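Presented below are the structures under discussion, each in the form of structure tokens.
Here come two complexes built around subunit A, the first alongside subunit B, the second alongside subunit C.
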Partner chain A sequence: MRDVETRPRRYSRIIILAILLASLPLIIGFTLLVLSSFSTDMVTNLNPSSFHPTIENWINVFHGKLATTGGIRANILRITLNTLIVALGVAGVVTGISALAGYSLSRINFRGRKHMMVLLLILHAFPGVALIVGVYLLYRLTFPQTSDFVRLYSFVYVIFARAALEIPMSVWLMKGFFDTIPWEFEWSGIIDGASRIKVWRKIMLPLIKPGILAVALFAFLAGWQDIIYVRTFLIDQTLATFIEANIEAEFSHMPLIAAAGTLYLLPTIIFFITAQQILLQGYSGGIKG
Partner chain B sequence: MNKDRLTTLSFFLSPMIVMVLLFYLVPLVMTVYISFTQMRNWNVSKYLTEFVGFYNYHRLFYMFQHDPTFKAVLLTTVVFVAITLVINVFGGLTLALATFFIDERPASAFRLLWLLPRMSPIAVYSLVWYYFFHGSEIGTLNSILMKLGVISQPIPWGQIVPWGAWSIIIFVNGLVGVSFGMIVFTSALNQIPKELVIAARVDGASSWQISRRILIPMVKWHFMYVLTWQFLSLLTTYPHLFLLVQWDLVNGDYGTTLALYVFNTAFGMGEQDQGLAAAAAVLLSIIGIIGGFVTLKVLQFEKMMKRPRGDF
Partner chain C sequence: MEMVSITLDGITKKFDDFTALRNITLKINDKEFMALLGPSGSGKSTLLYTIAGIYRPTRGRIYFDDRDVTNIPPKDRNVGLVFQNWALYPHMKVFDNIAFPLELRKVPKGEIATRVREVSQMLHIEDLLDRYPWQLSGGQQQRVAIARALVKEPDVLLLDEPLSNLDALLRIEVRAELKRLQKELGITAIYVTHDQAEALAMADRIAVIREGKILQVGTPDDVYYRPKYRFVGGFLGNPPMNFVDAEVEIENGYLNVYGSRIPVPAQYRELTQKLGIKKVLLGFRPHDAEVVRGATEGLAGEVYSFEPLGREQIVTVSVNGAAVKVFAPEGEHFTFGEKVTVKLREDRVVLFDRKTEKALEFLD
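So, the complex of A and B:
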């Protein structure tokens, strides 16, 4: 509840209209992308006459037919699966590590705790592009000599390298969630003779399920939307690199890329419908001030 | 510290410490190291041990004086960061205030909508603006202006240097950054006691007066937080710019900031020069680290880090 009771009502329509106007480019841009994927021609020129409804683009995308006249085929299911593997991997690594570290930063008073938290903040603000040069050299130096594991290794490496970027903020976020749990829950476990590790696993983790879900969701989206890391390290293609590589297809095939883009956008849309509160609250969790 | 406690601590902290060592500290040392070698085209076996001292830094300085491309990149960085920062901070504040004064339902809907640029895949978000600013008649902006009769031919907006290219990169990144300020300011506004706002209403204050005299003064700390944090992230962001330049939507020189320059020099098409890229990255890191420490001092983060109350 805000000052809803005392606020004059007539202004609120004007404000809503103003925000709507400011949001128009966003709404138009995304709507045209989705509409174009269902049309034979791009509808981005705002000409109603160029909208001919069809699902051919989607069929072609799933068949991996890039050019309408034969030619190259791409296995889009495999590409989507690759994207999903990276996203789930990043989510798993980030959630696990930050659930562990967030607990100790929130609950255990050890020497160097403050410095560690400051260091995490600095790392979060650190220029990622300065790191990626070094991260790539490390990749090259540790690259397996035999070709059997090369693709697997590139998957593992891209997952951990991308997850590392999310670690500082996620640990802070997770620490914030642990901070909200009353100490009494934990004391009751410790008095009964349980170790801190057991308390963490049996009592704390079930209590912060919403926090874990939020961190996992953000990490998943980070892995899902990434282009720079998958492009640099991953041998296989993901949806991001697929779109990047095929944008310069000829004009007639542009709706096809729009369909691939809409497919790529799907998880975001699903989260928008199902997890609104987590999305809106998640960002403010780590930065209470 | 007894042994038991040490085991517990290492159980909780070691995975994070390993990650930070492997993907932050070791790469940082390697980047600094590469900046003193002649590394090219990732020919590790040939150039890894070939020291050239400060040669790459000298080259950067020479380019700063004489190379028009590099000058364009630096100028673009300054203009891009400055203007986008202003848009991000004030856009975020405006959105947070505006949604503060309307009902909860439309307010959440709008906030969610403005999260879209941040949540959608970078390639898709860039694709949306690729179509919007496209230089042919399929470009949305071109067709709107042609319908209005302002222009008679489609114009390749991103190729107009410098302001056409700058406007596009500022616009595209500006929309992404606004949501950060909006979320921070919204959570700050919601922590202000409602009695203050209601009392002012009863006294007959308008929404504008309430914003100006009560709300904005009370979110000063958050204002500084968004300002400094957004400055650092704009200085180092490049994925969206990378795609816009890669797809030739904007001019290569005036659409490239220093961060993207580093990435393209190290990983781009054609001749790669990791030594030079690493040297530029080191300079960028120095700015970033100084900025980070200034941020911490200004915001007094250390005061917020309370000791865990119940640990014994």
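So, the complex of A and C:
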């Protein structure tokens, strides 16, 4: 990594110190959560003597035993799978739609293109919560009559509803990535006999791979983390709603919830590390000139 | 290879309010190497892309032989295009880059392999087929781009400043090779460039383009020695043609250049009499004049500067404030401010009308 070397050295130390201080509450919070998940008692009282190491919480989580006593069980693997379905579904829908829409906004001159881009930005400004009444109305209106498909329907609905929130920004991101690709690549393909869609698939998509990955990762995390839409529309539980439902239950054993919380955090951490590498790396090939 | 000539009939291309091409009419003969030469923004690349089919002309028609291709999509025109930045697909190996046009045509795999190998042998890149474009040098990438354009056996080869991304030495080397390749293949080629040396060195004919209009079409000799416009003379040659203001003394057949009087060159004597134009521009090439000392017939001036270049030197002479560049032999010595006379080679002098900047012989 290169930079101009004009900044005095002591400033960078001060900046690093300030950043550390600012992020300290987050670091402490997450550390306590992880520590509690490996302890018989919560350590959130900041008293080290309450830390008694154990992995029982984790075993119980995977067995779906919610309380240390009693027989309340939950299928945590199924819940994790549900979360994955929603997250991957959102990632798939968002990536697919924004890769197509971003290309057309970047490369195709059609009527209303400019208005559409402004509209997308306005759409992005609407928070998902503000839209939820309307989205719920549509949910009820299209709700299946027979109960056979209700669960499937709720999955499909929550995926598309949640994806719709992510799409405006993702389309803009994707358009930005397409904008950076010189026209010559596309012209070259067209002259060689490729259709527009083939140019998109065979030439453009590989060239914006880092962009696709970035959009997919953000969409995945949005689906993974979402609680409001999942809670409103999904009949099954995801990790988010599971933790939320159990956090205040009388029977819940908090260190166990801490373990579930840590499990819930893992993909976020893993994906942010990978995303960071992909985004920093960019495309090593590129074009000359 | 079949015969392919290209006829452009009154091509006009507008982008919104901007007119990129104005009524271009040009015929490119079969197997001809035609250079489109012009400064940046002159519309030469737009013209090339219009021939390729990427742009559709606002007015006018394009014919490949007798076939009207104006509204035919690029893929059905069978043209090969080499881009300025080569546009090699970075995610494909060299082999796949070259094979791509054939794959799109659904050519059988075995035949693709043979044809890719043939064309890469011709361009001496058969050892690079397994590499990615970014692993190649500029010159190698350029060969791959040409191979990709040639592999589909196009009727026409279009080149958009293909050498401008190469360093100066390599450019001169490739230029000779490309010229040879075009003649060996016997393919009709259109070559866009802003480098006058490239156009002169490679082309059978040159079309000089400015502001979307063709100023002159002719052999390199034609456009170099018989420029139709002052612009053409000033655009070709390094250093370019010199221009000084002159007054025609019609009554006695002399040119007056800031007090220096020289006879009107033989080829213009009749013409100046007939046209009766007094205010002209005197144009001559730096190698069609010499710097002499003592009073002879020529342009009187003083040495402003001199630049030895090894084999020769460029002497800048100030003729009453107008800078004139003349080649001089290597051994000669000059001093700043020295009084000299620029003696012209009469038969190479070109006179332009000062108002229209058009050479007198082309005035209607």
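The working rule: the second predicted complex is superposed on the first by the 266 of 289 C-alpha atoms of A that agree within 3 Å, B and C clash if a C-alpha of one lies under 4 Å from a C-alpha of the other, contacts with A are read in each partner's own complex, and residues count from 1 in each chain.
By definition in this document, contacts are C-beta pairs under 8 Å (C-beta built on N, C-alpha and C of every residue); 3 or more make two chains touch, one makes a residue touch a chain.
The shown structure was predicted, so the numbers you read here are calculated from the model rather than taken from an experiment.
Trainee: Does subunit B (first) or subunit C (second) touch A:187, or do both, or does neither?
Mentor: It touches subunit B and subunit C both.
Trainee: Using the superposition on chain A described above, determine whether A:127 touches subunit B (first), subunit C (second), both, or neither.
Mentor: first
Trainee: Comparing subunit C with subunit B, which touches more residues belonging to subunit A?
Mentor: After superposition, B is the partner touching more of subunit A.
Trainee: Which partner chains sit in contact with A:275 here, subunit B, subunit C, both or neither? Use first/second/both/neither.
Mentor: A:275 sits against neither subunit B nor subunit C.
Trainee: May I ask you to decide whether A:74 touches subunit B, subunit C, both, or neither, giving the answer as first, second, both or neither?
Mentor: After superposition on chain A, A:74 lies in contact with neither partner.
Trainee: Between subunit B and subunit C, whom does A:203 touch in the aligned arrangement: first, second, both, or neither?
Mentor: After superposition on chain A, A:203 lies in contact with subunit C alone.
Trainee: Could you say whether A:85 touches subunit B, subunit C, both of them, or neither, answering first, second, both or neither?
Mentor: It touches nothing on subunit B or subunit C.
Trainee: After the superposition on A, what does A:213 contact: first (subunit B), second (subunit C), both or neither?
Mentor: neither
Trainee: Please write out, lowest number first, the residues of subunit A touched by both subunit B and subunit C across the two complexes.
Mentor: On subunit A, the overlap between the subunit B and subunit C contacts is residues 187, 283-284, 287-289.
Trainee: In their complex, what parts of subunit A are in touch with subunit B?
Mentor: 1-7, 11-12, 15-16, 18-19, 22-23, 25-30, 32-33, 36, 42, 44-47, 96-98, 100-101, 103-104, 106-111, 114, 116-119, 121-123, 125-138, 140-141, 160-161, 163-165, 167, 171, 183, 186-187, 195-197, 200, 221, 224-228, 232, 239-240, 243-244, 247-248, 251, 254, 257-258, 261-262, 264-265, 268, 271-272, 276, 279-280, 283-284, 287-289
Trainee: If we count contacts the way the header does, which residues on subunit C are in touch with subunit A in the complex?
Mentor: Of all residues in subunit C, those touching subunit A are 49, 52-54, 74-75, 79-81, 83-91, 100-101, 104-105, 132-134, 138, 141, 148, 152, 165.
Trainee: Which of the residues in subunit A come into contact with subunit C in the complex?
Mentor: Contacts found on subunit A: 182, 184-185, 187-194, 198, 202-203, 206-207, 209, 283-289.
Trainee: Quick one: in the complex, what on subunit B touches subunit A?
Mentor: That would be residues 1, 5, 8-9, 11-13, 15-16, 19-20, 22-24, 26-31, 34, 42, 44, 95, 98-104, 106, 108, 110-117, 119-124, 127-132, 134, 136-140, 142-144, 147, 175, 179-180, 183-184, 186-188, 194, 197-198, 201-202, 207, 221-222, 225, 229, 232-233, 235-236, 238-239, 242-243, 246-247, 259-260, 262-263, 266-267, 274, 277-278, 281-282, 284-285, 288-289, 291-293, 295-296, 299, 301-302, 304-305, 307-311 of subunit B.
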